[in-house]
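For clarity, chains are labelled A, B and C in written order, and residue numbers in each chain start from 1.
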Amino acid sequence: MAKVFIVAEHRQGAIRDATYELVTLARELESKFALEPAAVVIGHGVRPFAEVLSRHVNETIMVENEALADFRYETYAAVLRDIIMKETPLVVLCPQSAFGMELFPRLSAETGRPCATDCVQVEMDGPSLVVVRSIYNGKINSRLAFASSGGYLITVRAGSYAPAAEADKAGTIRDYPCPAFGEPFKTEFLGYREAAAGTVDISQAPFLLSIGRGIKDTENIPKAEELAAKLGAVLSCSRPVVDKKWLGKERQVGTSGRTVKPKLYLAMGISGAFQHLAGIKGSGTFIAVNRDPKAPIFRAADYGVVEDMFKIMDALKEQIGT
Amino acid sequence: MEILVCVKKVPDTADAEVILRPDGKGIKEDDLAFGINEWDNYAVEEAIRIKEAHGGRVTVVTIGVSDSEDVLRRCLAMGADDAIMIDGGPFAGSDPYGIARGLRGIAAARAYDLVLAGAQAGDDGFGMVGPVLAGYLGWSHATLVTSVSVEDGKVAVTRELEGGLEERLRLALPAVLTVQTGINEPRYVSIMGIRKVRSKEIPVLDLAKVGLAAGSVGENANVLRRIALSVPPAGKEAEMIKGTPAEIARKILDIVRERGGVG
Amino acid sequence: MDFELTKEQKDIKQAAREFAEGEFDKDLAIKHDKEHSFPRSVWKKACELGFVGIHFPEEFGGQGLGVFENVLVVEEFCRKDSGFGTALALSDFASEIVMRHGSRDQKAKYLPAVSSGAMISAGCFTEPNHGSDITGMDTAAVKEKDGWSINGTKTFITNGTIADFYIVLCQTDQAAKPSYRGQSLIIVPKGASGLDAAEVGDKMGIRMTSTAEVSFSGVKVPLENLVGEEGKGFYHVLEFFDESRAEIASTAVGIAQGAFDRALEYSKQRQQFGQRLADFQATQHKLADMATWIEAARLLTYKAAWNFDQGRIDPKLTSMAKLYAGRTAVLVTDEAVQILGGYGYILENEVERYYRDAKITEIYEGTKEIQKNTIAGALIKKK
């Protein structure tokens, strides 16, 4: 039976949620296309992670080695190369994340196995794999097939599949020998750094007023701050606002910023890139204000307003005043 | 430092309406504004800053047809020293592997210390060309780079992770780095810059010059084959609040108060 | 015949557009418009990037390019924002007189300062009793042994309260017949004793640009502050107008294009009676007219600028460009407001400001009537 492998992503002592989304996808490929799911856990001191995954899939391959303590594409790709060669899985899945983006294209170049990144849908068409990717800022879906059918490397966009609920399978854990790393390493892991250092913790706020590219200029930030204060909300933002250094990284909502779950989320001038939307999953009531009626954010919000954000900001300030 | 920066001209689709062509194989490009890929612009700026701090030369390269030349000239006007155009004709419809093969010829033939590229492109967004190119070359790489500092024979970089976290790495040179937006503030093009490059020749290299055989790139050589494009299903739509700004504000405040916000 | 811009000209246009899109913030424009203030920090940045004084010689801090390239920059600036665009386009106003007729010292002192953002220039021609007709000047400069002594009042002076130096058209020979043969241009620096400037008051448009009454009472400046030849001031100014009319025409083309862009976008979004505004033939015809006028005005303006760069003075052509472009700006901004309807009447929606900023292009640098006089004069070979 053809196999589908899940490469577990973990960091700083915890399995990352995206891994469980891959479990759901692998199960779907099992039930619909009779692929056999297995998990791959690479690292140092990762037995607890292997144990968790063994409750989801029949087999978990564990590669345990001190040299794997911190993720580097160099060592992880060497391990995966070895596994792929010996175990010949048909599909290997990984989250589209800083981990997957660093690892899978490189692994593809080194193994010759084709890689499709950032897929939102994965399925079989007869013996071949077919994926759907979301392109042009989420405005178009692209369906892709592969020229060869010898095996695929796939990274999956966060949020494309629901995370698997807790399970109680009695899967096995297989200790897989770590291959020898031949040459001197070209990369060296130096440590983590909190890019979002600051006094505000937007992840704890029950009410967020979030601003995006629509705020247009640093001069307008005080207007948003004033409205947030009047509303009793904490001010947060999307990526472009941080890229332009109008607000600090600690206020950024999204995959590369903070994941938040406020009771109320009021987004203004945010178009709704998936990275942003992934950061507010599970939030309570979500209101979006944007001038573009076709902005993707209206597909995620509970309430939508098609209007210039500054007009709504001014009107809100007035209404609160009275 | 000898630095190669890979750039691409893409349509700006962030604020534009994207319409499928009737044949479903592409999008209508007539009404879209084209320019340098946003991530690549940060990469060019970063390369110029490294050069300004440590000396060396910056070369920009694109795979494109003549209408991409303005993007290269723009990079030269920002401060890049040389530009190379790889004739994009044979690359039409290429997947990231084809593009990486084309760039490999340039990167391998000249003694670059660093190759910079955008972490992804605003059109198809694979984010693959950089790390695949590094794999082909056997060079070290880092993706999603948010800072670069050059050390003796090495570079120290930070990579953007999730949740406001970054990791710090040190890489042996030569290396391929893909740059995340926000790494710097790209400069404007100045008239002085434009004048400086007015007579700059931009060589156009054909397939043979980048060491590739005819038919080795382009749509027919693709590993990743585009079957069809479609407009994503609408899915759930938000309940739209309509009215004058004052009416809308009132309704928003009703919802806010219902959820326990504002006094 | 070649209507294609050179690669360099395309790059310049693109660079001007990117700068304008990055820096000309709408809310900042509204703030300056309300406060009647000059956008100093944005102007400085434009100077650092070489946009101001692009047509000055390289030797004197410029970019060594032509009036045509200046027109391309000004058009892009005004397209993105009529207020910023006009204020920046006029920040070097009349410096061209120094460039064309000044001494080497004058050029070295003023041109690099203007192009680098250290100085703003002003040209003082119009007087309370002499508007577009500058053949006779009440402002008089008397040559004394140690310098000029200037008395008189100028009005509607662009950059009047913010300029670092003034190029003043004075009557230096009261006896000259006809009187314009007794006019000369004299530079007065900011802060000169007896120099006074006051804003003319709340203006309808171009409120980011200073417009002032400038008075001279016993202002003393050295003899070497004379620009060009004594008694030739009138001719130098006429020659300057040939150049500046092309620039004003380009502000008009940019203003018209900017208003059109906004009206077009709005007409594609706004739904009425179940269809987009753009689907009504009434709107379509408006848009067709607007686009046609703009294209015609642009071609005329480009030709006028190009012709000047060929070293040819052709007042008829530059007057045609300014007349037609000014009319186009007024008509197009009017239709743009009409297409936006009630929304177009609100400051917030920009076309309102474009509409107000357009009208001046039919007034300053010679009213449209004066332009017609010039054109007609050339046609019937008057005098």
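Simple rule for what comes next: a contact is a pair of C-beta atoms (placed from the backbone, for glycine too) under 8 Å apart; a residue touches a chain by one contact, two chains touch by 3 or more.
Small disclaimer: the values here were computed from a predicted structure and weren't measured.
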| item | value |
| --- | --- |
| Centrality ranking, top chain (CA atoms only) | B |
| Between A-B and B-C, the pair with more C-beta contacts | A-B |
| Chain at maximum distance from chain A, centres defined as averaged CA atoms | C |
| Inter-chain centre distance, chain A versus chain C - centres from mean C-alpha coordinates, in Å | 53 |
| Rounded Å distance between chain B and chain C, as computed from the means of their C-alpha atoms | 39 |
| Euclidean distance of C-alpha centroids - chain A vs chain B, Å | 20 |
| Touching two or more other chains - residue numbers and ranges from chain C | none |
| Junction residues of chain B, two or more chains touched | none |
| Where chain A touches two or more other chains, by residue | 311 |
| Residue numbers on chain A that touch chain B, as the complex places them | 11, 16, 72-74, 97-98, 101-102, 105-110, 114-118, 130, 133-148, 186-196, 206-207, 230-233, 239, 242-245, 249-250, 252, 255-259, 263-264, 266, 271, 284-285, 287-288, 292, 294, 298-307, 311-312, 314-316, 318-320 |
| Residues on chain B engaged by chain C in the complex (per definition of touch) | 69-70, 73-74, 77, 188-192, 194-195, 198 |
| Contact set on chain C toward chain A in their complex | 25-28, 31, 269, 348 |
| Of chain B, residues touching chain A in the complex | 11, 13-15, 17-18, 20, 27, 96-97, 100, 119, 122-128, 130-136, 139-144, 146, 156, 158-172, 175, 180-182, 185, 222-232, 234-241, 244-246, 248-250, 252-253, 255-256, 259-263 |
| Residue ranges of chain C in contact with chain B within the complex | 7-8, 10-12, 14-15, 18-19, 22, 45, 48-51, 54, 63-65 |
